[in-house]
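These notes concern the structure reproduced below.
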Amino acid sequence: MEEVAFFIGAIGALGAAAAVVALKNPFYSVLALVIHLVFLAGIFLLLMAQFLAASLIVVYAGAVMVLYVFVAAYVGGIEEPKWDASPELRVIGPIMAVALFVAISIAVLGSGLAALGTPGPDDIPAGFGTPEAIGHLMMEDFLIAFEAASLLLLVAAVAAIVLAGRRRGDKGSGTEQRKVLVKADEQANAQVAGNGEGA
Amino acid sequence: MTATWAWLVLLFPLLGSLTIGLTFKALPDRTAGLIGVAAIVAAFVCGVLALIGLQGEPSESRHVASSLWEYANVGGLKIDLGIYVDPLSIFMVLVVTGVSSLIHIYSYSYMKSDQGYHRFFSYLNFFVFSMLVLVLAGNFVMLIVGWALVGFASYALISYWYRRNTATKAGMKAFVINVIGDIGLYIAAILIFKNLGSVDYGTVFEKAPEVFSTNQWEIVAICLCLLVGAFAKSAQMPFHTWLADAMEGPTPVSSLIHAATMVTAGVYLIARCHTLFELAPTAADVAAFVGLATLLIAGTIALAVTDLKRIIAYSTMSQIGYMFVGVGIGAYSAGMFHLMTHAFFKALLFMAAGSIISAMANMQDIDKMKGFRKAMPFTAATLIIGALALSGFPGMSGWFSKDEIIDFAHFRRGMYDWMWVGMLIGALMTAIYSFRIIFRILPGPACEEAQYLIDKGHVIHGEPKNPATNEVEDTEVGYPGEEHHIAEQAGGMKFAMAILAFLSIVAGVLQIPGVDEVVTKFLEPTFENSVFAHMHPSTGEAWLGLTEGGLISIAGIAIAWLLYIKRPDLPGKFRQRFSAIHTLCVNKWYGDELVDFLVTNPVKAVGRFCNRVFERFAIDGATAGVAGLTRSAGAAVRDIQSGMLRGYALLMLFGILAIAVYFLIRSL
Amino acid sequence: MDIEWYIVLSALLFTVGFIGVLVRRNPVVVLLCLELMLSAGALSLLAFSRMLGNQDGQVFVLIVLVVAACEVVVGLGLVVAMYRRRLPLDVDEMKELKG
Amino acid sequence: MLSSIIWTPLLFGLIGLLVPKRFAAWVAVFGAVITLGLSIGVLAGFDPDGGMQFVTDVNWIPGLGVDYSLGIDGVSIFLVLLTTVAWIPAICFSAIRGTERPALYYLMLLAGETSTLGAFLAQDLLLFVLFFDLMIVPFYFLFGIWGRDRGGEGDPEGSPGNGLVTVQSATLKMIVFTLIGSLLMLVGAIAAAVISADGGTITFSIQTIVARGLPGGSQNWIFWFFAAAFLVKMPAFPLHGWMPDAYRAAPLPALAVFSAVLSKVGAYGFLRVVLPMMPDASDLFQTTILVLAVGSIIYGSAMAFTKTDLRLVLGFSSVAQLGFITAGIFAFNSSGAEGAVLQMVNHGLVVVPAFLIVAMIAERTGSEELGPMGGLAKKAPVFAAIFLIVTMATLAIPASANFIGEFYILNGLFQVDAAWAIIASSGVALAAFYALRMYQLTMHNPLPDGADSRELSLRDALVLIPMVAIVVVLAFCPQLIVHSSEQAVDSSVAVVREVAK
């Protein structure tokens, strides 16, 4: 049963990922990524990360992707020109990437980590991956990392305002940029809310 | 108690110097001068009290070492801030403070119109302080301290009129040559420490005979290094060139540096270290021969040059040469006695010369001077007394002291007989050049300046000029004032000169062979362990020597009279006949040029080479090479930095892959 | 299911994402591909977390998500800014970084 | 205690950012004075026979064996005092004159003090390397932002160091040189820790590494990695290529502390790290280092008396002095090393007022070139007197503490080989020449047109006189320093002496 679930999830996630790369229209790419994330959330569940799976769907597929969709729509579906500034990248890039994959695979399979060949220990604590457990960890062991992350988020929100904000004399309408801001805020709020759930 | 008085001897001049230096805005000039004089007189008084204290001790323990605190102590090399008081150092203290007191009194009047009165007295007091540190030092490091401080003070005084280029150059020369001498002492002190484990006088002189055998190379090296210091400070060959240039300083400075104190330091050093020099007779002979060479060469130069102060300066070199011969051949008390009498009459000569130079409105050329006998009778009288004492006229102090040295050389026989002959020739020259001054300056029709003095009753005030270059100078600061002061009109100068003249005449009675020999007896505790302590010519031989000396002196005076009064055309003829020799002498045997050629120019060339060639090509080249390397490396990688984000990503991928592959291969 | 499988899947997703970064020129898509790579990283973190039976890895995935969100916000802000200035939306045209 | 000494300057630098601009300078002065007070407090509680004292030891990066480990002993205590003393006049001088962007300026100066103090106090090798590298950063900014370009004035022959210098090229040169040295040292430090651990737990604690010892072969190359960093920092001939340009471009107050203190960190590094840690290599390369040191003495002196730029005269005189110091350390006996430590302090104390005086001279004549100068003593006797004392101390006239330092160094060298001492002593004569030349050409001789001889202002006098007073007091009692540091210094070189036997 678990195998079936994994393969469905894996194939879905990979297929969607390939679609992200392959589709010409960025708008579709975004949608493909949403699908990818949904499948990935399923795999997360298999790894007993319920809270993360949920937050992946809620925050990522829900909030972040909406942001992408808005931007993609705002910018418009720009078709990439056929002519590539450096065509060799099209060839060398994938080859190197595949080589990397091979290297990693060899490393993983050939490594001496015996536990890799097992599904993991059975005697995991009760409530593994539940919001409560994660919340405890967050607020107790990793408080500094948590605070740093929230600070980073704040800085990023400010940065987005500065970057996309209207300059003096800029004639463009303010709605889009306000949207961006709102999204950024939402993002932050969602994150905080997510954390709140954990606690 | 003796030690306390000795410390006070040091304290007063230092305090004086500091007080005068720090209050230059608060105190009027006259007060500063008085403080300066008072400080030195107080030091003299303390010196006398120390002497009394010391004489109270039994003869065999007549030395006191005292230390204020530990100056530094590392790796066994312990240096105390200490003094060593024995008859020799007290003798020097009395000579130094005594003559310096008189010089201070003289300067009080002589420098009256100078712009830097405070500065002058501050330096002057500091000079005396340094000299006292030198003579009272209790170990070789303190000796070096005194030695170098004297060098510094002499620098400050020589370039006292600091806006004259000539004065600053002369100061620099004196200082650098003195530092070279200091280095000799550094190395000597280090060698002494290495071999004897201490630098304290007491320990060193006690242990030296046990550690060293006669003429062992270490002790010879030590003594030769000490001699480098001594030669440099006492202006002996080949370190003599600074002395004549040092005449750029004010006249009281010249007399202080030359007569009483600084230049005799080398003589004192050899006398102080006689234990070492007797273990290294070779080095002692070197000292004596260098002294002999210097006294002869300086004598010939003094015969040729025409600058009044420089003649006396070369005469000083020559007389110091006598002292070097004296202490080199073992006639310690004679050497010290000559040091004392020389201090009296040479200070007197300089003071008289200063007075005349003032009257000449700072002109120093004896060719231009004439007829001062009538214009300045007092100065003329003192000048004659000084010259008589210098040339060793029978009965004068110089007669007793100089001829005692000459006689001792004869007494030691062997190669020292050659020295005896050399010194007799030197004595003849001394008499001639001394009276060359007298006969050229005093008699005859008065020159313009002298006539002015006779007519108007005061000194001519010419346009202030640098006597060396004849450049017109402004008088704002750092220059002698426009007014000049002569002994005839200034009480202080007259007082100092009168006392010195008196001493020049009568000081000889201290050491009449077979009668009293006060100096020898006084210094006996210091030189007790010397092999020469109880070797001296018999009274008869001594008087025979004195007779010879007296005759030579009279002969010299007669020759001078013949040359400069009776047949004034003769010197000119000689000059034409022996023009090569004359040129050689006038140019001071090309000593400066020799030093330039051998030392200064090579050093400068090294500097230029370093600067223009080495720094430019090697160092800058290497630097440029490094920069170039960085730049070309930058250029090489710049192409990779195309700005193509995806290119960067690819490079990153390469990197990750390389790392992954590396670890994979390693794990195989 | 053995942990290996998850790791291999993670590597595959990472590779796909990397290929996307290398071949696509639209900045929005490049950002999307970065998301792919990040999620691949998150997956392997989770896998190891499961393997060790330790939840610390999950916390880090959460942090990764936050950082990814930040990156998205800034990246998209840049895209919007570029669009407003009428700059071409092509990563190859952005060469100002050139040294 | 030691932590507070290290971090107080930086703290006040940061406070300076917050207060209004016109108070920034006085906050900095206050911070420097407090740091001095703290270091005097340490001196008061210092026990000359107590070895390493006031030790702070906190695990910092346990995985790498790096500790935040501080301590003070006889070698470092006076260097710490020198640092805290030297910074005050530099800051006061800038405060009196005023600078552009003051808050940043004082932050940089004080950050420099923090890192220098850190280097002197660190007892952990990696911490030492870290502080050593950090030192250059604030000075890079100080030289880069507040420095100025120099034209090719006053030198018809266009010899290097007198030509055109831009701030960029000067600072770049400096950074490249020091970074190469620092990176080599970093490698050396890591190698030393790893090799000495020999498979055991790695630690960077200097004392532990010394106790564990390094195998002879590794010592040889690690020695040079460290030596490269230290010799560049000093700078020693022939690694001084960065010095002329950097000195000419730098702002003078910063240059004063740079020359006075930072150069000593190199020499200190030899005593603290190289000799104890690599005794075999030190013994092996003794002659090589002595050649470099004596070469520095001769070369530095020769350059100092040919240069006409005051900064370069002082700069090259520092090269010569550092040559003496290095030579003293590599004599491997207590006399030489103790002389070196004494000389480090003395030279630092002398250089700070010297550079500030150069700045004042430049204000009066509008130039730093010796050629057209002269006669400044005319209306400024106090100024001239102070400069004279500084000059005399620079040339190590006997009776100054500098003399005692040089004398002990020469004595130490003599015990190695008389030839070293004799060659090195020629540096003494050359020093007399160049130092006096500098004094005469500025203060004496006729006053040229356009130069303004004026007395020190009261505030400048208050900056200079304390420094000069310290120099004078030390001249009367160098034993103050010698006494407290002898034991620690001797134990540093004793290691090598044992090996040499």
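Lettered A, B, C and D in written order, each chain numbered from 1.
Here, contacts are C-beta pairs under 8 Å (C-beta built on N, C-alpha and C of every residue); 3 or more make two chains touch, one makes a residue touch a chain.
Everything numeric here is computed off the predicted structure, so don't read it as measured data.
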| item | value |
| --- | --- |
| Chain pair, A-B or A-C, that carries the greater number of C-beta contacts | A-C |
| Central subunit by CA centre of mass proxy | D |
| Furthest chain, CA centroid comparison against chain D | A |
| Inter-chain centre distance, chain A versus chain D - centres from mean C-alpha coordinates, in Å | 54 |
| Cα-centroid distance, chain A relative to chain B, in whole angstrom | 91 |
| Chain centre separation (chain A, chain C; CA means) in Å | 7 |
| Distance from the mean Cα position of chain C to that of chain B, given in whole angstrom | 86 |
| In chain C, residues with contacts to at least two other chains | 18, 22-23, 25, 92 |
| In chain B, residues with contacts to at least two other chains | 644, 646, 650, 653 |
| Junction residues of chain A - those touching two or more other chains | 85-86, 89, 93, 97, 100, 104 |
| Which chain pairs touch, all of them | A-B, A-C, B-C, B-D |
| Residue ranges of chain D in contact with chain B within the complex | 157, 159-161, 172-173, 176-177, 180, 238, 240-242, 244, 299, 302-303, 305-307, 333-335, 338-339, 375, 377-379, 381, 385, 392, 395, 397-399, 403-404, 407-408, 410-412, 414-415, 421-422, 425-426, 428-430, 432-433, 436-437, 440, 443-447, 476-479, 482-483, 486, 490 |
| Of chain A, residues touching chain B in the complex | 85-86, 89, 92-93, 96-97, 99-100, 103-104, 106-107, 110-111 |
| Chain D-touching residues of chain B, taken from the complex the two chains share | 21, 24, 69-77, 79, 81, 119, 141, 144-145, 147-149, 152, 155, 159, 162-163, 165, 168, 171-172, 175-176, 179-180, 182-183, 186-187, 189-191, 193-194, 476-478, 603-604, 606-608, 610-612, 614-616, 618-620, 622-623, 626-627, 630 |
| Chain A partner contacts - residues on chain C that touch it in the complex | 1-9, 11-20, 22-26, 28-29, 31-33, 35-36, 39, 42-43, 46-47, 49-53, 55-56, 58-59, 61-63, 65-74, 76-81, 83-84, 89-90, 92 |
| Partner chain A, residues of chain B touching it in the complex | 644, 646-647, 650, 653-654, 656-657, 660-661, 663-664, 667 |
